[in-house]
Structures are given as C-alpha cells and as structure tokens.
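Heads up, there are several structures right after this.
Two complexes follow with chain A in common, the first pairing it with chain B and the second with chain C.
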Partner chain A sequence: MGYKKIKKDQLKTLFNELSKDCSLFVPSGSKGYVGFDPWDGNSADFTEWYRNTTIPPKALFFPPVEAMLRFRKGEAGYEIEELLPNGRPQIVFGVRPCDARALKITDTLFSDTYRDPYYLTRRENATIVGLACNEPCDTCFCTSLDISPGESQDVDLLCSDIGDELLMEAVSDKGEDLLSKMSGLSEASGEEESKAKQLGDSAKEKITRQIDTSGLLDKMRSSFENREYWEDVSRKCMSCGICTYVCPTCHCFDICDENNKKDGKRVRNWDSCKFPLFTRMPMENPRHEKWRRIRQRYHHKFEYFQMNFETIACTGCGRCIRECPVNVDVTEIIGGIQAL
Partner chain B sequence: MEGDNVYLPHVMKIEKVIRETQNIKTFHFNFKDESQKSKFSFKSGQFAEYSIFGEGEATFCVSSSPTRMDYLEFSVMKAGKVTAAIHELQEGDEIGFRGPYGNWFPLELLEGKNLVFVGGGIGLAPLRSLIWNVLDNRDTYEDVTILYGARSPADLSFKYDLEAWEKDDAVNMYTTVDNGDEDWTGRVGLIPPVLEEIGPSPENTVAITCGPPIMIKFTLMSLEKLGFTNDQILTTLEMKMKCGIGKCGRCNIGNIYVCKDGPVFTNAQIQNFLSNEF
Partner chain C sequence: MENRLKEEAGKLLKEGKVDYIVGYGKGTVNLRTSPLITNKEEDLEGLVINPFIANNLSRYPVELKGRVGIVVKGCDSRSLTSLMQDKKVKREDLIIFGVPCEGVVDLKKLAGQIGAEIDRVTDAEKEGENLTLQVDGSKKTIPFRDVIFDKCYGCEHPTPLEYDMLLGSEVAPNLDIEKSLERIKELEGMDAQERWNYWKEQFSKCIRCYGCRNVCPACFCERCFVDVNMPQWVATYATWQDNLTFQLIRTLHVAGRCSDCGECERACPVGIPLRSLQRKMVEEVKDLFGHEVGIDKDAPPVFSHYEATDPDEFMK
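Coming up: the complex of A and B.
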C-alpha cells in the first residue's frame, strides 16, 4: 500500500468517525500541560502547535495510578475481583518516533518472563499512529539513539505533516487495517512523498544535541566506582523525581492498598528511583545517598537495561532536560562519563 | 485465581500462629480454595508476596519444606506497617499470597555433599525450608551440620526445630547465643568464631548461610579461613521488593534483579556482580 493523504481540515471528521468504535487519544493541552487526552470532538489542531507531550504516551498503557484488584470482606471471607482494562480498542494519534520507540522498550520489560496483563492488554488493543517531527525541540537528541524524527518502524501508521495535508503510510498490519477503514483519504503523489522525506531530513539536521553511545557500556562500567563524579553531577538534584515521571521508558512502580480492610483496592502507582524511600528496608537503605540514586538511574538506562534487554532505555526525547527544575542534563552526564 | 494475572493473590487461611521471639512470629497457612492447593508447588529458597488486605504486600520466603505440604509457613519480624499488621493475625484470618517467585537452592548440586548450614536470627527461615527438605531425603546427602545463633536465648527462633535437630543423630547441631542469661547453659559466642571452632572440612562440602548482613560478612570470612571457595558457599539475599517479578525496578544490584535472578546466589556469583553497590 502506498502513501495516502488527508487534508488537515478533515481531521475532525476523521477523528469523529474513528472514535465511534474505539477510544481515540490525541495530544491536548486541556489539563494545563500537554498530554494524550480522549478525543473531545473538537480540537484537531494539535499538528499546528504541538512538538511533543509533557507526559509521554506510556501513561495510556501504564497509568500513573491504576487499580489492579478490589478486595471485599463478606460473611465467607475475602473475595478478590480482578480489575483488568476493558479491552476496548484504542487509537493513539500523534505519537512521536521517540515515544513509539519507548513503547517498544517498555514492551520488552512488561512481557519479560511474567506477562504484565494490565500494560499488555492495553498495548495489544492499541493502534499507534505516529506523527513525524518537522520541528524538533532544542532538547531532542533522538538521532543519537538510532531514532529518526522523520520516520519510524515502531508505529502502526506514520503521518507526516506536509503543510495543509497529512501524509499517511502504514507500517504494520494493524496500521494497514486502520488505513483501509479511514474515509476521506486520497492517494499521495510522488512529489508529496519526497516532500515528507525532505522535511524528515531537515528535522534530522536541526537536531544538534547528542550523546556518544560508542563504547558506552564499558565507560559506564568504569564510571561506576567513580564516586566523586556521581557526587558532583548529583549535587544540584532535588530528588523531585520529575525526570522519571516524564521519562517515556521509566517504569518503576509501587503497589499499595487503598481504603480499608473490608472493601478496598490494590493500586499500582508510578514510583521513582530518585526517592530515598524507594529502596528503604527496615534496617537499611542501600541507596540512601542521593549520588547512589542518580548513579542507579543512569546506569539502569545506559548499562543494566542494555545488558538485560539489548537496548538503551533512553530515546533522546529530552523531556528530563526540559522539565528538570535545576537543569540536570542527561547529555552532559553521559558526555561527562565519555570524557572520564 | 483463574487466568494468568500474576498480580492476583490467592486467599489463604491462617491455621496457626507461633510466637518465636518478642518480635518474630511464624504462621502456618493454607489455601482457602482447596482446589488451588494441588496446583501449587514451590522449592526451598523461593519467596512470595504476602498481603494483609487494606495494608499492602510484603516479601517473605516460604519457610516450610516442599516435602511437607500439609500446610505452608512463613516467618515475620515486626518492623514496619505491613509486618505489624501481620503480627496481629489470628488463627482463621485470611491473607493474600502470590508466588512462588525467584530461584531456589540447587538441590541437585547438594546431592552427595556434606552440608553446613549457618543461620543467624530470622535468617534460619529460608534455611529451615532446605534443612527439612534435606532431612526428609536424608540418604541423598552426606554429613549435615547446622550452626544457629541469635543475640540471646530469648531471640532464638524455631526452638522446636532446634530441639528436633538436636535429637537427630544424623545431624550435627550447634546452637549459640551472643549473650547468655542465668538460665542458659548452652554455648555462648558469636557465630563466626564458633564456626571456626567447629571447623567443618571444606572437602566435598557446601555451606549455606543466611542472616543479618554483619553476620554474613564475618561468616564468609570464617568460611574462607576454613578453606571454602566462593563456589562452595550459597546464600540468599534480601532487598526491598514490590512486584517480585523483575518489573518494579527496586531490588537490583547492578543488572542483577534479586527477585528474578535470585534470591539464591553462590558467593562466587555475588563476587562477580558487575556493580557491587552495597
């Protein structure tokens, strides 16, 4: 199947149609920050203003807070009710290539050895419609991690913004299927295809920030014992955890019970390795010092995850750089390690 | 629970509560839904997530032996919110239980070997699962030596086990306390020097140890003095856990996840951990 296209002023109609049979999520600023929100029937203009969301699409599959089960105590003791996602098909429209890669990365973790039914049920029911980047942020460095702003094999369907129209190309069978169900599309010309490619190339050139991943495993390894380095780079960190919150691959969580013993829910919440309580045990805390927690985070992303799953758990989305209140910059930290 | 949701707990019934010490209790428990019992199996060394509904989950090993499946056991030291709630449990109360998780003591490697168990305090809990497992197949193993120690006579857990092993001619049993009291007529001394005094031969022997970090540290030094190599020493590690299945991100030591890759390791494996954070 070749490239299709749709006029941007037809998106609203398309979204209304798509949202009849499934849950459709699009970038929106309605909460005061940019995130993926359910389609509200109205705001299809995100292609005009949005570069990337503040909260990554992981939140749709691994919500910040989710009830896993309900327990109730009756005459016959406890009854457990499983609270799995409902399995309704979802379409997520406008996912950037970095975030699509991030989902593939968290897929490996949540399907490794033990299936995580909450995350995977949502993932299996989702179709990811990507949106290539024409204007990367100055914090972006995806190209250092084998990601291209203009293309993606990690989505089901990829859109490119060529001006008044969006070009669409199916990447997976799911994407092909979705494309065949969309009305209001027309065939794209070879010229338009080339334009999309040019825009992708030019976006690539606009990305100047980078990290050097060559030999990084060994460098990470040898930096481990360099306490001075880790103390130095962690000095200004406030342990607020926003870097882990907005990170598209951070997946650490806590499980706790809510309400009372008679009727309550077991809930999973995002947690963060930046918090001192994260690893606290009654008698000791292996990461009570901040520099140990910072070291854990970067070693996890750039070393341990790579050793265990053959990929670095960073996609260069730059959110942690943008959102950090004290300007901790992952590219500086990795650069510093490479320079040690 | 039907289906494949790894996070769903079985409801278990507490059948018996044993006060071991002032802050340690052991619980006998069983499946509320008996049809689930026959589907369940575990191996010595594995752990599970136990929950008090409304309070939350906590991680403990299964301290009974897979050779004795009439009921399961776990032992808990009172230390935080969930463990305090567990200590309130009475016979007939219900808890949540999911597992077993993690690896186990490699029985096939222990066959035909002399075994030296060195346990401190509540660290005997995972060891006793293996000890009973071994004793229930006594002919498969050579000499069995058990050294157990606690701070004081009042801190000795599993006294009924100690007594049974004391009486068992096929077990060399040594009990010691750091500090005795007026009624204590037994051995007084820290575990590592007592171990050196007993002086088990490393020849065709595996040592299995569990206890508080400081005890482990000096026990490992004593074992080394006695000529044990790191391959001949097994231990089980403890880290803060939530999921138990390698996803929640907190129990790693470098790229090793204690919940999924452990909790049982040889000392050689531990020495080879890439990132010895602690």
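Coming up: the complex of A and C.
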C-alpha cells in the first residue's frame, strides 16, 4: 500500500469521525503540560507546536493509578470482582518514534512469564498512529538507540508532517485497516514521499546528543562496584520520582489494598526506585543510600533489562533530562561509565 | 564574580576548611545551570554565576556530611537561615558565598516571550536592563524584568542576609509586589466553588512524583507523613483528593519556613501553580505572627514556640 496524505485542516473532521467508534487520544497542552488527552473536538493544531509530551504514552496503557479488583466480605467469604479494562478500541495519534519503541519494550515485559491483563488488554485494543519528528529537542538522543526520528516500524501507521499536509503510511495490518477506514485522504506523490524522507534525514542530523552503547554491558558490570563514581554522579539528585515517572519505559509499580471494613479495592500505582521507601512494603529497601538507588536505575535500564530482554530500556526521548529539576543527565552518566 | 568564587572556593578546599563546595555549574541543556557539588579542586573551574542559577542549593548541606562552602542567592540564604533555626545545619559548618541577585530567568516565561522553545536559544547574556539572546542564529533583545520568575518581583531581600563573603555589590530590592502576587489575587478573586474547582482540576494532574517536596529546603522530615503507612494518612497513589490533602498539609508544614524560593513550582512536571499556595502562606504568617522567614538565625522557628501575643482567634 502506498502513501496517502491528508490536509492538516482536515484533521479535525478526521478526528471527529474516528472518535465515534473508539477512544481517540491526541497531544494536548490544555492542562498546562503536554500530554495525550481524549479528543475534545476543539483544536487539532498540535502539529504546529507539538514536539513531545511530558507524560509518555505509557500512561494510557499502564496508568499512574488503576483499580485491579474490588472485594467484599460476603456470608461465605470474600467476593472478588476483577476490574479489567473494558476493551474499547483506542487510537493514540501522534506518538513519536522513541515512544513507539518504548511501548514495544514495555510490551515484552508485560507479556513475559506473567501476562499482565490490564496492560495487554489496553494494548491489544490500541492502534498507534506515529508522527515522525522534524524538530527533535536538544535533549533527544534516540539515534544512539537505533531509533530514527523520521521512521518507525513500531507504530501501526506513521504520519510525516510535510507542511500543509500529513503523509500517512501503514506499517502494520492494524494500520492498514485504520487507513482504509479514513476519509478525506488522497494519494501522495513520489515527490512528497521523498520530501518526508528528506525531513526525516535532516531531523536525524539535528540530533547531536548521544550515548555510546558499544561494549556498554560490560562497562555497566564493571562500574557496579565503583562506589566513588556513583556517589559523585548522584550527589545532586533530589531523590524525587520525576525521571522515572516521565520515562516511557520505567514500569515499576506498587500494589496496595484500600480496605473499608467490609469492602475495598486493590489498587496499583506507579512507584519509583528513586524513593527511599521503594519495596519497603514486601521487605526492605536494600538501597539505603541515594547513590545505590541511582545506580539501580541506570543498571536496570542499561544492564539488567538488556540481560533479560535483549534490549536497553531507554529510547533516548530525553524527558528525564528535560524534566529533572537539577539537570541530572543520563547521557552524562553513561558517558562517564564509558570513560571509566 | 565567578573568578573570585573559584579562587576562594579553591582555597577553602585546599586548606581543608570545607569538605565540599556546593555551587552552580553549567547545565547540559542550553541556558540551564546545574548544582555543582564537589570535593575536588579541579572541578571548581566549572563554577558559574549568571541569571540562570535557579536551584535553591540550601537543601544540600543537610544531606552532606561535613563542612560545606555554599553559594546562595537572597531567597536561598533565607532558606538556609531557616534550616539553622530548625537546627538542621550549623552555622559554623558553613562558609556562605552570597550572590546579590537581580532576579533569575524563568525559562518557561522566556520561551513564551520569544515564541520559541528554549533549545532554540544558543546564547543569552544580561546586558544592563536587557537580556540579549541568540535565537535560531539571530540576535534578540528583551527586557530582563519581563522574563524573571514571579517570585523575584516580590523579593525584599535580593542580597543574601547571611554570608561570609559577598560576591559583588549589594542589590537593592526592586519590588513589584502586585506582579508577584498576580496569580494569588486571581485566585482570591474567585468565589469558593470556583476556587475549589480550580484546585480540583490542578490536583487531578498530580502524579505524586514528589518533585515539589524533594526540592524544597523546608521539607526536611526524615520520613514524610505521606510515607507513613501505620496509620496511613493519605493514599500512596494519586487521587485528586489525596493529592490536595498532601499539598495542603505540606503547605502548613513549611509555613514559617518557606522563603518563597519557588522551587516547588519550578520542579512540578505537570505545571501545578504550587507557589500560589506557598506564597499565600508566607503572607498569612507575616500577617498573623509578624514573622518573616530566614531573617534572624538565632530566633526560634515561628511554629516551635509560643508568644503570649500570638493570635488565638481560632480558639474563640
């Protein structure tokens, strides 16, 4: 199937149509930060200002808080009602290539030995419409992790912004299906295809920040006992959870029971290895000092996850660099390990 | 200023008068600075002082073991003094470098002013009353006062009150209280229902990353009440009600300690206007107890002692 295109001023009509049968999420800045919000029928002008969201799309599949089950004390014991997502189809429009890769990464985790029905139900019912980056941020370093700002095999459908129009290309069957249902599209010319490619190439060139992943696994291992290094790089960290919560691949959670005498619910919520109380409930946080917690975060991403799932759990989206109040920079930390 | 700091900080480390220097270094992102905390002389070359030194560093000496040489602006110095009052740091363990401050650039405001994101700005320098920028390769000049944090318009002590060495000459307050309180006045202008809805909406965004709490020098509890689970005071997960409860209790806990440094609001990744709450509390504490934060290091913390003249209308 070839490339299609749609005029940007037709996006609103398209979104109104798509949102009839499913939940449609688009980038929005209406709340004072950029996130994926349900389409509200108002403005589809995000293509003019949107670079990436603050809260990654993982929040749509692995929400900050979700009730897993409800329980009630009945006469014959506890009655349990599982609260699985309703399975309504959803479309997420405007996912950047780094975040699309991040979803693939969290997919491997949530569908491993234990298949997580909450995450997977939402994922299986979702179609990811990617949007190639023309203007990466100065904090982006996706190219170091085999991701290209202008292309993606991790989405169902990929859009490229070529000016007044979005070029669309189906990547998966789901994407093809969605494309065939869209109205208001026209065929794109070969010239427009090459324009999209050029924009992608120039976006790639704009990315200057990088990490060197060659031999990193061994370097990570040998850095583990280097207490001085970890103490040095963690000194300024404030131990908040911002980097983990804005990270598209961080996936740690806590589970707690809210008990009101006879009934209650089991809730899971995001948790962060940066918190001193992390894992306190099941046993004890073995990482009492801050530097051990910082070390854990980078080792998890660049060593353990790679050992378990053969991929680094970082996509170079740069959110942790942008949002950190004290400018802890992952590229600096990995660079430092490579230089040890 | 920078050179003098490097020189003096170097002496302190060399002579073993301090174990660490806590100052600002160049950030890894355009315009941003980053805390520079080191015990190595060779790192001191990276120290900077410029209108982008946003962080309040006064929290670090509480955590670091040993004696510390620290760089503070006006608001930071008052946080540090407040920490002395609460006996979290000892004055004799500190060598304080005071930076007279004409205001710190709010990067979000700056982005709004130039109509471009901050990473388009490759260079920025304060020249007199203006900030001269290189945006996408071309020069742009904007009035400096238009892009500083709201808190800076209300700063009565831009020159640190407590220091061992002042880097540069004293800066007189350049107040525009109204501008500093604009957001608060807006909130006060709402009726109760409207205001309730406003905060409900704001706290629905909170993801409980605890950025606000963790950057706050007045939040020094070893175990925050939200992390206590027997009994559980608020849910560990984010609901707007518990997020609001968390923040209101935090606001009360830091009352009389908050120097209006604005770090809570700057840290918040989802843009909750937290400073409105904190600054309002600064006003309340001033009205009720005539207490201004961080003025006198020997005075007891306002909420840890009682004066017969303290207002007690709430009991009547």
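Everything below uses one rule, namely that the second predicted complex is superposed on the first by the 333 of 340 C-alpha atoms of A that agree within 3 Å, B and C clash if a C-alpha of one lies under 4 Å from a C-alpha of the other, contacts with A are read in each partner's own complex, and residues count from 1 in each chain.
We take it that a residue touches a chain if its C-beta (ideal position, glycine included) is under 8 Å from a C-beta of that chain, and two chains touch if they have at least 3 such contacts.
Note that this is a predicted model, so its numbers are computed, not measured.
Participant: Thinking of the overlay built on chain A, is A:Asp218 touched by chain B (first), by chain C (second), by both, or by neither?
Facilitator: In the superposition, A:Asp218 contacts neither chain B nor chain C.
Participant: Quick check for you: in the superposed arrangement, does A:Asp146 touch first (chain B), second (chain C), both or neither?
Facilitator: The answer is neither, since A:Asp146 touches no partner chain.
Participant: Using the touch definition from the top, say if A:Tyr304 reaches chain B (first), chain C (second), both or neither.
Facilitator: After superposing on A, A:Tyr304 lies in contact with chain B but is clear of chain C.
Participant: Contact-wise, after the overlay, does A:Phe110 reach chain B, chain C, both or neither (first, second, both, neither)?
Facilitator: Once the two structures are laid over each other on A, A:Phe110 reaches chain B alone.
Participant: According to the stated criteria, A:Asp254 is in contact with first (chain B), second (chain C), both, or neither; which is it?
Facilitator: It touches chain B and chain C both.
Participant: May I ask you to decide whether A:Asp40 touches chain B, chain C, both, or neither, giving the answer as first, second, both or neither?
Facilitator: A:Asp40 contacts neither chain B nor chain C.
Participant: With the two complexes superposed on chain A, say which partner A:Glu205 touches: chain B (first), chain C (second), both, or neither.
Facilitator: neither
Participant: Considering only touches as defined above, state whether A:Glu323 meets chain B (first), chain C (second), both or neither.
Facilitator: second
Participant: Mind working out whether A:Trp270 is in touch with chain B, chain C, both or neither, as first, second, both or neither?
Facilitator: second
Participant: Just which bits of chain A does chain B share with chain C as contact spots?
Facilitator: Residues common to the chain A contacts of chain C and of chain B are 254, 256, 281, listed in rising order.
Participant: Where on chain C is chain A touching in the complex?
Facilitator: Its residues touching chain A are 27-30, 32-37, 55, 59-60, 63-64, 117, 119, 201, 205, 207-211, 213-215, 227, 229, 235-239, 263, 266-267, 269-272.
Participant: What does chain A use to touch chain C in their complex?
Facilitator: These residues of chain A touch chain C: 31-33, 35, 51, 54-55, 64-65, 137-139, 235-236, 238-242, 244-246, 254, 256, 258, 267-270, 272, 275-277, 281, 290, 321-323, 325-327, 329, 331-332.
Participant: Taking the touch rule as given, give the residues of chain A at its contact with chain B in the complex, in rising order.
Facilitator: 68-69, 71, 73, 77-78, 80, 82, 84, 109-110, 112-118, 221, 224, 251-257, 259-262, 264, 266, 271, 273, 278-284, 286-287, 292, 296, 299-300, 303-304, 307-308
Participant: Can you tell me which positions in chain B touch chain A when the two form their complex?
Facilitator: 1, 3-9, 11, 13, 32, 51-57, 77, 79-80, 83, 94, 96, 212-213, 238-240, 242-243, 245-250, 252, 254-255, 260, 274-275, 277-278
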